[in-house]
Structure formats: C-alpha cells, structure tokens
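Residue numbering begins at 1 within each chain, and the chains themselves are lettered A, B, C, D and E in the order written.
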Amino acid sequence: SARTDTNSGGDSGSGAAAPSKPADAADPKGDGKATCSGVSLAYAGTINGGNAALGQNILWGVKLAVQQHNEANKGCQVDLKQFDTEGSPDKAPGIVTQVISDPKIIGAVGLPFSGESKAAGPIFEQAGLVHVTPSATNPDLATHGWKTFFRALGNDAVQGPAAAKFITENLKAAKVCVIKDDSEYGKGLAKAVSDALGSKLTCSDDVKTKQTDFAAVVGKVKSANPDAIFYSGYYQEAAPFATQLNDAGVKAKFVGPDGVKDDEFVKGAGDASAAAYFTCPCVPADAFTDFFNSYKKLAGQEPGTYSPEGYDATTILLKGIDKGIKDRAGLLDFVKNYDGQGLTKHFKWDDKGELAKTTVWTYKVDNGKIVKNVEIK
Amino acid sequence: MNAHHTASPPAKVSGMQTMRDKWNSLSRVQQWAVLIPLVVLIYLLPVLNPPLLTTEPNYNFPIAMFDVARYALIAIGLNVVVGQAGLLDLGYVGFFAVGAYVAALFTSPDSMLHKLPYLAVLPLAVVVTMFFGVILGAPTLRLRGDYLAIVTLGFGEMVRLLADQVPALRGNSGFQTVGHPPGTRADGTALFNQTDGKPWYWLAVTLVIGVLLLVGNLERSRVGRAWVAIREDEAVAEIMGVPTFKYKIWAFVIGAAIGGLSGALYAGQIGFVNNQKFDVTTSVLFLAAVVLGGSGNKVGVMLGAFVIAYLPLRFSGIAEYKYLIFGLALIVLMLFRPQGLLGARQRLLAKGREAYQRLLGRPEQISSDSSLVAEPGKEAGA
Amino acid sequence: MALLELSDVSVHYGRIGALSGISLTVEEGEIVTLIGANGAGKTTTMRAISGIRPLSGGKITFDGEDITKLRADLRVVRGISQAPEGRGVFPGMTVLENLDMGAYARKDRKNLAEDFERVFTLFPRLGERKSQVGGTMSGGEQQMVAIGRALMARPRLLLLDEPSMGLAPQFIQQIFRIITEINQQGTTVLLVEQNAQQALSRAHRAYVLETGSISKTGTGPELLADPSVKEAYLGVA
Amino acid sequence: MNHVVTFLADGSDWINFDVGALRDQFWNDTIEGLSQGSIYALVALGYTLVYGVLRLINFAHSEVFIFGVFGAYFTFFGLGFRPGPTPELGAGELILYLALALIVAMLVSGATAVVVERVAYRPLRRRGAPPLVFLITAIGASFVLQQILFIWRGGNQERAIRLMRPQEVFTIFGASVTNLQIIIVLASIVLMLIANTFINRTRLGRGVRAVAQDPDTATLMGVNKERVIMLTFLIGGLLAGAAALFYLMKAPTGASYQGGFLLGIKAFTAAVLGGIGNLRGALLGGLILGIVENYGQSVFGGGWRDIVAFVLLVVVLMFRPTGILGESLGKARV
Amino acid sequence: MSEDVTAADQPEVPAEGGIVAEVARMSPAELAAHEAEVAEAVAPDREIEVAVGDTLLAMQDVTLQFGGLVALDSVNFEIRRGEILGLIGPNGAGKTTCFNVMTGVYRPTSGQVVLEDRPLGKRKRHEITQLGIARTFQNIRLFGEMTTLENVVVGADARHKTSVLGALARVPRHHREEREAVERGMALLEFVGIADRAADKAKNLPYGYQRRLEIARALATEPKLLCLDEPAAGFNPAEKEELMGLIRKIRGDGYTVLLIEHDMRLVMGVTDRIVVLEFGKKIAEGVPAEIRDNPAVIAAYLGVPDDGAA
C-alpha cells in the first residue's frame, strides 16, 4: 500500500520523505577535463506551444546540465539547440527533420509528449539520432522497435495501476469517472487506469485537445455522482474542466496525472484546484538541494514536473560527449550501454529503451501550491 | 456609328506590363527556348541551394522547396475553383485532408485497411477526392456565392471533426509511417524518406508541371471559357448555352482532385497524418496564396504560393511576429495590387494567339487590368 | 449669375480621358439639353455634376458656391437631384420605398403626400404597383420609378440622363410634357437625350458633346436647324 | 431506450444515438441553447449588417468580438478583481460593475470595428477593389488583431475572473434556469430590438438599406455612404462587445487571443442560417443554432456538437438556399 | 473559308494591319467576295429557301403569373421561319417576359411554347439554347472580363461537342472546334462591324459596340430564332438607321428574328409582321401598316402623334 501512515490519502499533509540526492549520482560537471568541439545537443519539445509549462520545466533542467557542464569543462563547450514542436504531433515531424538535418547535433533530449514522440520517432530512427525522453510515458512508444528511443522514467503501464490504487485505496473512492483527452498519452493512460479500476469505474467520457466547453462531460459526470474523477490528459484542458465541474457543484475528488501536475493547472482552475491530487512518475525535486538551488537561480523559478529527469537525461548525453564521442552512432551506442546512477534513479536501459525500476509519486494542492504527497508502492 | 467612338484601350506602361507584352509577342518556339532552361533551373534548385534563397540553417532547404512546390500545386487546384469558376471555397483544406487520409489509410501500418503501394495511392487519392467533390458539390453548388463559402468552410471543418470522431481515422493519434514511392539508394536506405527533401521536391515539381499543362488545356477550351462565363454572369452563361451546373461540378471535382493529390503528397513526405493540420486557418492560407498571386492566373497563384510557403521559412528569425507581419503584408499588398501580384487575365482560346495576331496585327489584349482604374459602379462594393 | 456653371471640367477613367475641359452654364429656370453620340461623355458630365465622379481638372459652381470638392450627398442637400442612366432602382425596395428614398435629403416632409400623388398621376402604373419590389419591374417601369424618384426630391436642379430610354411612345411624349411642366413650376432641368428631336424642341438652350468636348451650342431651334446636327443626331441624312 | 450504435472494429462507441439523453436533457439543452444562441445572435448581427451593406464577409469580426472580451476582462481587472475565488458582491455592486464592463466592452469592440473599417476596407473601397480582395484583407486584419493580442498577452488563456456564480433562479420542467442565463438572454434580446428598430425605423436605417442595395444611387439620394458604412461597423461592433461580456461571464476559461475564432465561425453560420443580410434572421439563426447544437450533443455525444451545427446549416440551405428568413435581395432579373 | 481567318497552314501574316487594314485595302470586287465568305461563315448550313414561312415557334395559350399579377394572359402567336416579327406594347406589357418564357428563364403557369413542333416543356435553359433560341438582353449582360472574341466563342461553344476529358487531352475534335469557333467568331464580329475590337475586354467597349456584341454572341449559338430585346435603346437616330440595316442583313442570312423595340420608326421599317401586347394579352397582330392604323394599338400604345414624334 501507499507509503503513508494516514488513511485519507495524505490529507493530513504528512507526505513521504522525498528521496535525497544519491551519493553516486552522475554530475554533468564531470572531471572538468573533457575536450570536444563542434558538437551540439538538442532539446526538442514544446517551448511556446500548448502546455508550454511542461516543456519549459524540462528545458530549464536541460539548460542547467549543459551550463554546469560547459562552465566546468572549458575545453568542451557543448552547444544546446532548442526546437519548438509546440507539443503537437503534426508539427513534430517537420521540426524533428530540422533537428536531424543539423549534422552537429549528435544527441537529443525529447520529445516530452507521447503523441509527438510517436509521430517523430521514425525520423530519429532514420537518422540514427539518439533521443532520451524525460517525460513521454505512453507504453507503446517502446514497442516500435526504434533503436534510438530511450525513456528516462516509468511508463503508464506503471502509472496507471498506481493511480487506480491511489484512488481506490488512499482516496477510498468506490465510484470513479475516468475522463480522457484524445492524445496518445491520455488515451493510453486512461486505458491502464480503467483496467486497473475494474468494477469501480462507473463512468467515462472523452474531451478534445483545446476544448474549452465541457458542459456535456460535466453533465455526464454529475449524473454519475462519483467519489473521484481521474482526468487523463494535460493541464490545458484539465483546468477549465475542473472549474466547470466545480461550478456545477460536483464534489468528487479530482485526480490528474503528470500532464496535469503543473502550477498552470492550479492557476487556471482557481478554487476548483483546492482539493486536487496528482499522480506522476516524476521524483520530487525538493530534497535535491544543490539541484534545486542552482535550478532556481538559473530559471528564476522552482523546478517543476520532470525538471530533474530532463537534467538527468542531458547529463547522460554529456557524459558520452566527455568520453570523446563525436558522432551519432557513437553516442547511440554509449547510451545503449549506459549503466549509472542519476539524480532521480538508476539508468540502465533494456533493448526496448525502458528502465527496469521506476517509481510513481502522488502530489496534492496545498494552499495554492503543488506539494508532494506520498509515493505509491 | 463607330465614327464617334473614341475610347481605345489604355496604354499601360508598368514594368511588369511591358515584360508581359514582350512575352506574349514571342513565338511558341521562342517561349520554349526560355522555358526549358528555366524548368531545368527549377529542378536543380535544392541542389544548388543558392545563398540568398536558402532557408538554412533555420530550415532544411530541399524540404522548404518541397513545401513551396506542394503549396503551388494546391494553389493551382484552388485557382480552378476560385480563380476560374469564381466559386469561393473556404474549405479546400477538406480535400487536402481527404487526400492525406487516403494515403495514410492505405499505406500506414496503423490502419486496418489493406496496404497498397504508395504510387498506387496517388491516383486513388485523386479518385476519392473527386468523389468527395461531387458529394459536396451536388447539393451545394446551387447556392449563391457567399452561402457556398460558408458551406465549404463547414465541409472543411467537418472533415477535420470527423477525423476526430471516427476511431478508424485515429484522431489526434494519427497514422504513423505513411508510405512513400519505391527505390533505394546505394546504402540501402529508402530513396524517398522524411529527411531528404530532394526526391520529394522533384516528384512535386513534376506533378506541378503535369497539372499545369492539363489545367492549361482546360483553360484554353470551352471548359475554361464556360468557367469564366459562369464567374462573370451565371444566369446569362446558362442562357447562352453553358450547362452551368455540370461545369461547376467539374471545377469542383478537378480542384478537389488536385487538392487530394497534394494531400497525399504531403502525407508521404511528412510520414504522419493526424487531425490537427487541417483547420480553417490552413484553408485561408491556401486562399490567400491564390488571391495574393492573382486569382485566375496560374503563374500568379504559384507566385502567391511561393510567398505564403516560403517567406515564413526563410525569415524564421522573426518567428514570433510571423503572423503579424503576414497579416500586415496581406493588407498592404492588397491595397497596392488589388489584382494580385500578377493579375493578368488568362487566355481562353486555344487558337487565340494566332487569331488575334493574324487578324489584328497585334497581340491579344491580355492585360488591361483596370482593377487599378476605379470604376464608379464598383466603388462601394465589396 | 448662372445656377450651374462648369468651367474647363475634365474627367478621366484611369488614363482614358472622358471629358477634356468642357464649360457650360445652366441658368435658373432653364431647360438645357446635352446631346451627343454614344460614348461622347454625356453621362460622365452628369456624374461630375452630381459628384460621383471626381474631376481631374476644372471647377463646378452651383448657385454661386464652388462645389467642385463637395461630397455627392451634400450636393443633393443643396438641391441637385439626378435620375441616373441605367435607372438605379433599389432592387430590394418596394416602389413606395424607392420613391421615399428620393425624398431622403428633404427637410420639408410635410408635402410628401402631395408629391406621391403627383408621381402616381404621372405614372399610374406605379400607383398600381406600390408594393412591388423594384428589381422585378419591367425595364420601362423601372425608368418610371427612377424619374418619379428624382421628382420626389423637389430639386432646384434636375438632372435627367436619357429619361426616355426604354419607355413606350406614349410615355415619351408624356415625359417631355412633364419636363416642360415642372420647369414652368420653377425647376431648372439639365437633360441628356438621344431623342434629340424632342429634346431640342423643348430646350431653351443646348450643347453638342463630341468625344469629350463641346462642339456646338445654341438655342434649341438653332441646333434643330443645323445641318450637321441633323445628319449626325437626327438621322435625317 | 438507450440505443448505442457501435460500428467499430475497436469496439469503442464513437457515435451514440441516445434519444433518451435528449429526452432527459431536453429543457436543460433548450435553456442553455438559448443563452449560447443569444451570444451567437449578437455576433451574427455584426456579420449580417456588414454583409448586408458591403457584401463582405468581415472575417475580422471575430477579433472585434475578442477585443471586447479583453476589454471586459481588463475592466474587471481594473476594478481590482483577480482570477480565483468568486467574490461575494451585493446585487447593486454587481450590476454596477457589470454595466461598467458592458460599456467598456461595447466601446472597445465598436472602436475596433470602426478602426478596421477605416484602415483596411475604406482604402480598398476608394480603389474599387474586387470582392475577393476585401475578403483577403479581412483575413489579414484578423491575423493582425489576433497577433496584437498575442504579442501583448502571450499565447496562454487568461485565467477567468468571475464576478458571479451561476445560481438557479427557478426551474421549468425540471431544468434549472440560472440568473446568468436570464441576464444573457434578456439583455441580448433588448439590444437586438434596439438595433432592429434603429435600422428599420430611422432615416439613417433607410440609408443603410439603400447603400446595401446600390451604393452609388444611394449617394444620389443624398445618403452619406461613408457615414452609413461606419455606422454599420459601429453597430455590429457594439453588439459584439455586448456578446463579449456575456461570453466572459459564461465561459469559465477567461480569454485567449484565438478565442474569437470558433465563436466567429459559429456566429457567421448562424447569420447564414437565418439568411445573411437579414437582422431577424441573425437572431433566429443564432438561437436555433445554439439549441440544435445542444440537442445534437445530447443525442450524438460531445464531439458531434460542431458537426451537428454544420450539418444543420447544409440541410437548411438545401431546402432554403438563402437561409431561413433570407430574402432574394436584389436578385436581378434578366 | 476566308483566307484571312484560316488555320496555321497559311503563309506568315503581313506584318502590318491584319484583317481590318486588309479589308480597307480591298477592291470592290474583292470586297464582295470577302463579304460572301463572311456571310458563309456567319450562316453555315442554312437552307434559306427551304421551309420559309413554316411555323418555327408557337406560343400556345401561354399564361404566366407572378403571385397575383398576370404577366402573360393566354398569349398565342406564331413566328414563321425567315421573318422578322416585331413584338411591341406598352411598358410592362409582358414583352421581355415572353422572351423569358421562350428561353426557359420562367416556366409558364399554363400553356406551352412549341419550337418546331416540339414543346419546350421542362427543358433547361442551356438545352433550349441548343435547340435553337438565342437572345439579347434589355440591360446589356456581357461577360465583361472576357475579350470581345471570347464572348462570341462562348456562344459558339453551345454547338461544340468536346467533352471535359477531350479538352484535357486535346483530342482532334477539340482542335477542329477551336479553329472553327475562332473563324466563325471573327466572321461574326466583322458581320456586326466590331472586328477591330476583337481583342478588347467587353466591358471596355462603347455602349453601341456592346449591343452589337450581344447580337454577335447570340448569333454564334447558331440559333433558329434570334430574339432582340430593345437593341436600339440608347442609340441616336443615325445609329438606329445602321441597326436596321444590320437586322435586315441577319434575316438575309437566313435567321428568323423576333424584335422588341419601342422605336416605331425602326419597328415599322424593319419588321414583316407585328404582335402587340397589352397587360399580358395580345391585342393585335398584323403587318406594320395595319398595326399603325389599328385604333386599339393607337389607344394603348402609340398615343396621338405629337409634334414630330421620333
């Protein structure tokens, strides 16, 4: 069961202790003696598009790793190139084509979202360009046989059942509505959650990317009168949806996954977010003190969802470069055989690009701020 | 009674004008002598990657050129509908989408349908979109112009929304690994892939030339004349013996076919099709290409397509203000050249060149664009 | 002082010159006729006077006021009213509404009923068809609407551009009778006509327009007797 | 009586045919449809007015509307309200603030409309440009206005500021009617009546009709064409501004630079549905569209709402090619 | 056919002039030959002598109502092959409406129009044109953005058979038809006297040219019956005189002409017979001299001759 001593889903506020920085975590600074020239890394993902905050969190993590690396290694200045996919599957292939047609780029962090990852995966594959996603969680991504795909976190085959468990055990919900958006991520996760909920799933409905009026869904939820609602999608739609649920007087607990876990949700949903919960395969960053402080200094804000994961993924690529790798094939090989501890977890990928052991955490809104709740075991 | 008539056509002296006049007075052979090297040059563009023209490093140049060629194809198709037949179509993206989805459905492993080779899918996309052209056209082409505009807009939206709703069309998730033409390189990789724009560009340019010739044939035939007559005065066209409904459907169907073709081409190159690319804004961009270049003029609309597709890629430094600049450019351009960049009228007679020359000793009055000349009757009218 | 005076007026359509410096005057209380072949510039002259066609040179004064730059709608307020070539009936308005539009610029709306009556007596057909929409009327009926509408304005200067076009013979005679009649009641008339015989015999004075310039002027009878006018415009070879 | 037709290989139901839901939701749908439809109608009037006079689909009208939304939003902001919990206000205070926001929104939208007319369309009119050119310019203007908002406020949705929470006032046939719905429907109808009276009863209104049918001849009758055109844009803008406030009060999502787009399309659809160029048509079209959309949503499911709207349009036009109340205005005979 | 207008196998064109200049240079004999050629091109395959005087078109009890208004009231008359029939009557008598019924713009409320013994029935407008009725319009309706020649060729297209696919593939028929259309179009323009403006946009033509172009365009459809709606409106007397000559020439080429006109001198001067309508009813029919003296017609239409009525 969840690692908590309360039986009310952590409502008492006593969350689990966040993991602190492992002693052997890889550091982008390395030994400071690396030499290299003319190599670049890329970040590709949403920067200004929809759900931009989710991308920004990662991007700052990436930037931090590169900055720390470059400051420490005067002889090896790695250039970070940024590409804005706006998070949308239809834009990503075109953008990723631009990434791969820059021969200096030998490794990439991204893409953050599952849908775009799926759309652009073949292009990375064609170009043999290794890309480590710090956040795309759709399980199917690892099943396409792409040799260049690596996932730096757990997938939704883990998050889904964990979320179901949290909802039914910690939140003690007997009737649950699962609402999903139309993204690869939302659909996949919803399926995993629904399967795990079994008979406790009492209603389900769909929303669309960029939808703003949820009257129909709200009506449906209202008449099902659930104890909890799981929204499988991103904050852009989740915030107004939560507001409209609240307006309609729906009192069920609102649970969102990693795609909803962002301050933007809290801001957007206003009073409706007061009692919201989140599940996320992301590790709380507050106890990684060094990281937390340097990030805050660089970005001017606290780390968010997947900032540490973005940092970790970049660090691994930088390690390869520091080893003297200059080309895509070399870096791909390096990542494939990587075995080492990072800030958030141990990284060693199987032949599909998945990690062996991952964790899922829950978070909640406390006083208008997202705070960690419990880890789901 | 002609003794009293004085009005003779205005002598225009703008640079573009004299160039066009010169061009018109060249013989066919001379024209070809200019055209053939030009075409060769066009084919070589992505290889030459000329310094000023290039979009790199912002954007891969061959792919940029492919985008331009694709837009040109679209503009030619839409021009048949809007420029020639005068049917305002705000949902042209619908046909484009249908073409893309046909390609995806029959080649992507994500689809449950039978797999076909990509080259077989191109004609199939054309046929299917033609069918959609009839489906949309038959009930709606009797509507007056502006009603047609909103109905076509609705059609475009419906295609997009249906792609959302019908699970077989996979909504936002879309179709992966859409097919491409056969052929491999020396190193065993596919000749047509998502990363090398050149083969795609050549394919697109070839299609553009083919379509240009065919559409040109139509234009200089009773079909093209019927379209223009309908555009000018539908009731009178009908009374002068033009089966207007039939020709409007044909315009729609031919436009649809070209739209579908470019959709399939797009799907193949980008390799991925989902429901996000086919919104009204895209339709509007297509239309802007046509009007900007000079509605009714094939060369003009290709120029318009170039402007619309190329400029944002070339000047992506100003990415943030892209649409602002784009909007301002539309307004300003329309103000200074209301007839479009190349607003010349099209030729409607297959034997017209020779006829006018032989009979009158001077070329056809191809271009007295008096849209520059304010006419009192039209002053207030939008 | 002349009621209307055009001095050296030029008008261009794009680069085509339609009027090249014409001067003419219309005195208060006169009927002045303008004749000329197709394309001579008669309609253009009318448009210049009513202000829907800007001048490229010259000056127009009305009642002593320089109206060269005055907006067209304000000229109507000053008392210039026109029955345009091509009739310009509002196709979606009824006969009654069309006539009412004629009185749009009028301040004294109390005598309106009387004016409606006058138009209906003149053209009984319009009285019968008060609520028919303009767009469905026959060519001649539309012409009646256009003339009636111009009369509704009770202008000081009435501009008539080919009022007899499309009218049946009995109306043609009536139209010319009416023109004389309202002129006698004090309205000044500038008349463009292809029916030169009638027009000249009713006019106090007349101008002949030829390819944008005035080639002749004189009293009506003078021009009627002029052999070149006879040949060119009266069809008497 | 819940027929769920499933035609799909992957087993999920993608289209319902749930008449039972319509029966249950009928009155709710109708009432909500009326209030949504009123907003459509107000915006539709702007399309119809401009179309009536200039034969121009004023693509920028959706941005005229969204400017109003921002106007109202920043009025709230200026009054010290912030996104977040809904404040407790007395009735008098509430009415005062709303009235203030209404005035600002109407003025902002009205001014935007007039500026667009001046800057974009009038010069074209002067040059006698062909109709398509107006359309493209309208599209250009629409881009520019959107981008102004984008550059100013960024791409994200503003967070909603709400002054009042919808509260049930009474029920009919089991459906609750909220204060918000009542305000929106009543205010819209009053505004539209005023506009209608103005156009149909006043001298200037006759001028509008005359310019619509034959601008040159209208001038010969003494109608000041430019003033009439400006007035038309102004009235359209004012009504869109009112719609903007109602939209903001209703929409839980605040405002975004692109927010006018879909509403604009719907309003234009409503205008055509009712018979473009016809004022009462716009009202009728808006209300019908709002209601039918809701019914369609109940029967077929949420994603079908917009599809139902367009299908309705096509079906109506097939039987009435000029819309429900469309007159065959100015159809020239041969 | 005419050497001036034939196809590409001809030697190079003289650098100066073209047809207009050439015609001007011709001797009277050459000119006569040329005119014969033009006439041949204008009216091909016409059996002028055959069947003259037969009924070509018959209005049989045609009634047309617009709401409560009876625009045509049991109208009966015939048009005979080879004649020029005048249709006159007061404003709003139903003359243009007759044209509209004959050309399928309106369907009669009752009664029928019979062309060569076949009722028009529910035929579409373009089909009626192909059957052989062509017209001009009271308010000129040209395709303004097209050239003069193109306007005429659109009319000629009514007789063409090339399909859309045929045009796409440029089949031989397409080439033949295009060539013929251009030749015939030019001949027609010469015939009505506006060949020198063949390459100008129609909307830029002077008014009188536009009316003539309308006639040429209608003739291009090779009609059996040509309907002219007030072709002289806006012409001065001298110009009307020329028009009369043209109408006679058209008839001379074997066309049957139905003419609406308010100008009595023109009507009386050119028609063979006249039908008079009033309030949608036929009130008289006969040769011009009869009509001129018919008291009913005088009362309804002509009015008492005024001082020098034109």
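The definition used in the following text is that a residue touches a chain if its C-beta (ideal position, glycine included) is under 8 Å from a C-beta of that chain, and two chains touch if they have at least 3 such contacts.
The structure displayed is predicted, hence computed values, not measured ones.
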item	value
Target chain D, source chain A, minimum contact steps	1
Chain separated most widely from chain B, comparing mean CA positions	C
Middle chain, criterion being Cα centroid separation	B
Gap in Å, rounded to a whole number, between the CA centres of chain E and chain A	78
Where chain C and chain E are represented by their mean Cα positions, the distance between them in whole Å	31
For chain D paired with chain E, centre-to-centre distance based on mean C-alpha positions, whole Å	51
Whole-Å gap separating chain A and chain B, where each centre is the average of the chain's CA atoms	42
Multi-partner residues of chain B (each touching 2 or more other chains)	1, 5, 7, 164, 235-236, 239, 370, 372-376
Sequence positions of chain D contacting 2 or more other chains	216, 225, 303, 333-334
Two or more partner chains touched - positions in chain C	37-39, 52, 136
Chain D contact footprint on chain A (complex, rising order)	48-49, 52, 205-208, 212-213, 215-217, 219, 236, 240, 243-244, 247, 264, 267-268, 270-271
Parts of chain E lying in touch with chain C, wherever the complex brings them together	66, 69, 89-93, 95-97, 138-139, 206-208, 230, 233-241, 262, 264, 301-303, 306-310
Contacting residues of chain E [partner chain B, same complex]	4-5, 7-8, 10, 13-21, 103-105, 124-126, 129-130, 134-135, 137, 141-147, 149-150, 153-155, 157-160, 162, 164, 167-170, 174-175, 177-179, 181-182, 186, 193-196, 198-201, 204-206, 208-209, 217-218, 221, 235, 238-239, 242
Chain D residues touching chain C - in the complex, by the definition given at the top	203, 206-207, 209-210, 212-214, 216-225, 327, 329-333
Touch list for chain B against partner chain D, complex	82, 88, 112, 139-140, 142-144, 146-147, 149-151, 153-155, 157-158, 161-162, 164-168, 235-236, 239, 280, 284, 287-288, 291-292, 295, 320-321, 323-324, 326-331, 334-335, 338-339, 371-382
